[in-house]
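Below is one structure. I have some questions about it.
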Amino acid sequence: MDNYYGPGRNHLFVPGPVNIPEQVLRAMNRNNEDYRSPAIPAMTKVLLEDVKKIFKTITGTPFLIPTTGTGAWESALTNTLSPGDRIVSFLIGQFSLLWIDQMQRLNFNVDVIESDWGAGANLEVLGSKLAADTGHTIKAICIVHNETATGVTNNLAAVRKLLDHYQHPALFLVDGVSSICALDFRMDEWGVDVALTGSQKALSLPTGMGIVCASPKALEASKTSKSVRVFFDWKDYLKFYKMGTFWPYTPSIQLLYGLREALDLLFEEGLDNVIERHSRLAKATRLAVEAWGLKNCTQKEEWFSDTVTALQLLGCLAGVEMILKDVGYPVKLGSGVAAACAFLQNSIPMIPSRI
Amino acid sequence: MDNYYGPGRNHLFVPGPVNIPEQVLRAMNRNNEDYRSPAIPAMTKVLLEDVKKIFKTITGTPFLIPTTGTGAWESALTNTLSPGDRIVSFLIGQFSLLWIDQMQRLNFNVDVIESDWGAGANLEVLGSKLAADTGHTIKAICIVHNETATGVTNNLAAVRKLLDHYQHPALFLVDGVSSICALDFRMDEWGVDVALTGSQKALSLPTGMGIVCASPKALEASKTSKSVRVFFDWKDYLKFYKMGTFWPYTPSIQLLYGLREALDLLFEEGLDNVIERHSRLAKATRLAVEAWGLKNCTQKEEWFSDTVTALQLLGCLAGVEMILKDVGYPVKLGSGVAAACAFLQNSIPMIPSRI
Amino acid sequence: MDNYYGPGRNHLFVPGPVNIPEQVLRAMNRNNEDYRSPAIPAMTKVLLEDVKKIFKTITGTPFLIPTTGTGAWESALTNTLSPGDRIVSFLIGQFSLLWIDQMQRLNFNVDVIESDWGAGANLEVLGSKLAADTGHTIKAICIVHNETATGVTNNLAAVRKLLDHYQHPALFLVDGVSSICALDFRMDEWGVDVALTGSQKALSLPTGMGIVCASPKALEASKTSKSVRVFFDWKDYLKFYKMGTFWPYTPSIQLLYGLREALDLLFEEGLDNVIERHSRLAKATRLAVEAWGLKNCTQKEEWFSDTVTALQLLGCLAGVEMILKDVGYPVKLGSGVAAACAFLQNSIPMIPSRI
Amino acid sequence: MDNYYGPGRNHLFVPGPVNIPEQVLRAMNRNNEDYRSPAIPAMTKVLLEDVKKIFKTITGTPFLIPTTGTGAWESALTNTLSPGDRIVSFLIGQFSLLWIDQMQRLNFNVDVIESDWGAGANLEVLGSKLAADTGHTIKAICIVHNETATGVTNNLAAVRKLLDHYQHPALFLVDGVSSICALDFRMDEWGVDVALTGSQKALSLPTGMGIVCASPKALEASKTSKSVRVFFDWKDYLKFYKMGTFWPYTPSIQLLYGLREALDLLFEEGLDNVIERHSRLAKATRLAVEAWGLKNCTQKEEWFSDTVTALQLLGCLAGVEMILKDVGYPVKLGSGVAAACAFLQNSIPMIPSRI
């Protein structure tokens, strides 16, 4: 028992799952409901409209999938791409590493652009690849907007600019797990084709809802994708959207109540005010880190993340690598200090800037 | 607002999601927790041991996957079988229909044994198929233990007896969604290779946890299965089990707290007492149905379900079929009265025997 | 543990405390708050205005006292009357008996008008007393609006008519514990000087808030009352009302949140609709009682209560009287069947009409 | 709305009401219960035994009264003393001032021993009075164990020593509102006759339960006390204790559940460990106050409170006095800096040492 319940009120200072506001906890403290009753579709219809606002999209189609961020990744990839398709992706930390691992295991052909951990996505290399790809063999660009492990935020507008510059038709898939609702994110303006996040991050809910949003182009691609999928298949969702009952299988009713409350809180404060608040607190956090004599993992100011501040951990790398190798975890060995930081993010006293 | 929150205290009389005990609601009314903190692995370790008891297995390995029953189905199939593998499965109602649809879309070769809706699995035909399959082309028998749509419980011991009689090595995969924790279920004794359930059924939790249990033979099969999978891959879970941190990605902390409380309640009453209680209440429900002049969907006493009592709905079939055809839902058209009942189970006044 | 927590969801079928709506439980599921922070006075100010609506008063002054109905009784009496003052009160059941006992112990001179239990207040006798009291020795008329023990509702408008008819200046004090918010109650129209209720009755909150409302005449009387009092003294409340901080001592913050939600629910449905609902359900309850062959405690239709239906319990009187005599409880011995019913109201299967 | 619900998780840094542990909130998040059902007396019986432990008494009789600390004061005084009785009491801060005001309004003859605010009770003067009182006109010594307003803890053992030295039979009444459960308190060892606290202080519950404990000598005195009382009368409680139903009127069921959980938490940590924890944290708080260049209100180390650290507020006295005089609040005018501190304790940034 002692192990499960600590004394006092628990506050989390890790990049996620984050603290749940008490209003949200109260909203979720409810019995189950029949998901085929009229109440649930009525609520879902409004939720689907409202959730588009966190992506800043008008043309997108959202899916509230009972899964985690990892499942949201799989949903994004398998609905839009076919086995063997060439993907260009960026390896800049633990979470981009894990997504690339997933792409490879799903039999996509991943063209990895690697940076030092602590640096952002290397867009020069992307430019070269796009320039060279006159045959349009690249089917998708996959990028983690905010790499939680290293506190690096990538420049999505610049990626879109490159795609437009080379008039390249590749799909633009974005992991927004530790960015959406807390960092500036503009799905329509930046021409993002699939954006995704998880309920336990900036939405401040329990884990269990993978939120995926697809552009019309991505929906079109899903009609011909040959990747095998059922649970994650958008087609089933779209059928039930059309039918007006919305759910191909049982959703978590409590997470829907929680999402409603979280969106209400978010809209009440104003999405842009929330983003500005994170920016302000992140600056304070970075100043504190500096004052304490610690070193930020993020190498340049242009990549500073306003949701996670990652610190360099000196001297603890060897032991961590040994453990990881032992269990077959797909960590990037020999990557030095930052790698250790990345993997340990949840178990050491890190300083997230999110409140 | 009116649509979401009805007056008074909400009680559910549908086959699921079922009412959550107030103790369980209280246990889940908690903030998030860092899943890499020492508390969560410590709790998970005990939960994994305890959850084996609801399957009545000693040799099985359980997985608590942040997904639904549909995801649990996918996990069971993709971890043990390879595309093209021959599966024998029984079509006796809406849920067996949906699982078969999944098998087909996952590129398995499904050999369907159909019964009238309201009847149980046709084991005679299974016997013939096993007798004929001297080359062991059948890789798995897939069966829904309790078909929620028609209130039919299949005889799993008899399936095992046939497999043993023909010394057939096929894997034995069981959907126990509306049975496990409420009907007699014996994984080890009946030689079940993969058993699965969902949190929102007899465990009386919110939706969001697919609970899958694999026999040593199933684990062995998972090493060579060629089905593409990442989110549902047991390998990732097993790596983290070995590491002692247990979770390849973020679990729902609240569902873990809820599962702990639900298991405590279950063990306090005694699993066999709970099963006996359902049996008693189901008998009373069937007597009431008879007294009201309604007709049970289930055709013979040997198949009577002690968790769901399904009724025949006369005269409403045509409209339902039309809607279904319209949206492309994989319903069995022309199946008569029981089919309508099946699909409408959650939206019409059905009488579940579960309390 | 078994004794405290029953299985399943608990529903109460006693006259009070009644079931708490889940919305109200959620609203109260909150941490303490500093009652000297700006938030609490701001909330209190609005609550005090809104609570006047349940009394149907514009000129009244409400007090939300951290106490029970018994404390609310004491507050009503000691603030308006002085020791030795003559009070006319009606003895028609267990609760009027207890209030009269309190009046006597507080050293008032109580002139009791008794009726058979099951009958309403004898207003003819009141008329005679008022007619005879030309010297205005009667300082107050005290009446229980709805006698919970016997399911009798008294006619308050008729009491006011008598007072007006005889131009009698006596204060008119009303116990509305099991009536206010559920039965028709009109403080201003009926010239009630002090009305009171408890949070755990028709407001559907936990016990712990005695809600007392004083007319300008009652407030005037409180300035000269010589009854000794501190905790229940309205003067202290009025000082803090003037100061704008509202609370002479710490209130229960959670009950304030709960009261806010309860009033919101009440106003949303409409107070008169709520009263009508109780009337409708009470009629159904009385019909059911009749159909079951049981006998209503209430002797005439004019007194039928729409919040509590009390039944006659034959043959159990002797034992009950013995227990009561033993412990010195001020029950009316020898009063027959109805007395037993009265005292046992909470421990036997009674049928309250309230939902 | 904004006024009631602040963003984020609310933490209180005032002397009370204090933060409620989340386990306690969960335990109270329950529907009402029939207080005449078997469960409530069974629970109450154990609670009454367990609550004696927080007073460190074996011979005492506790009362769990649905009221606040002010009501608990009134219960202590009116049950043991008669109007006109001489009480010796100490005026050392706002709460002793308010209690003395209550004594005077209840018509007791209060002999006040005043100290500068920030100093403890003047025991030398008490000694002189006891020495002079050979006729035993002093019926009670009333003392606030821990004066919240000034952060002063009085030496109760020394009071008992004086009483014993002079073989004086006066009752010894102690306000332990901000001490019991957090400071060393020994009812039996120190010969305390009535001790009292409130639920919202060291027990960390919502407001609404006044907890009073009476020695056999106090119970004996209650039999002859001539103070008028009904709601606060111990006699009614004792009747229902004898009867085994325990409650003369409806208790707050939720506070009983909360008390159970609070006591469990307290006993699990160990009452003496909790007291030691407060001592340790109070030392840290005093060091911090010193480091910040602020001045402790408490004048000498022997009086340092381990539950409240009060600070001196320079220069804000005049305005506060004006407000107080205006509304008739019984504040000690002209008492200087500490008085201001006292009254403002909840609305200014004070530093309570309690966690």
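Chains here go by letter, A, B, C and D, matching the order in which they are written, and residues are numbered from 1 within each.
Here, a contact is a pair of C-beta atoms (placed from the backbone, for glycine too) under 8 Å apart; a residue touches a chain by one contact, two chains touch by 3 or more.
Predicted model only: the values in this text are computed from it and were never measured.
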item: Most remote chain, CA-based centroid, reference being chain A; value: C
item: C-D, A-C or A-B - pair sharing over half of the B-D contact pairs; value: A-C
item: Rounded Å distance, chain A centre to chain B centre (Cα mean); value: 31
item: Approximate Å spacing (C-alpha centroids) for the pair chain A, chain C; value: 57
item: Separation of chain A from chain D, taking each centre as the mean of its C-alpha atoms, in whole Å; value: 52
item: Touching two or more other chains - residues of chain C; value: 10, 19, 22, 29-31
item: Complex interface listing, chain C residues touching chain D; value: 3-4, 6, 10, 12, 14, 16-20, 25, 28-39, 42-43, 66-71, 73-74, 83, 101-102, 105-107, 198, 200, 206-208, 227-233, 239-240, 242-243, 248-255, 257, 260, 323, 326-329, 346-347
item: List of chain D residues in touch with chain B within their complex; value: 22, 26-27, 29-31
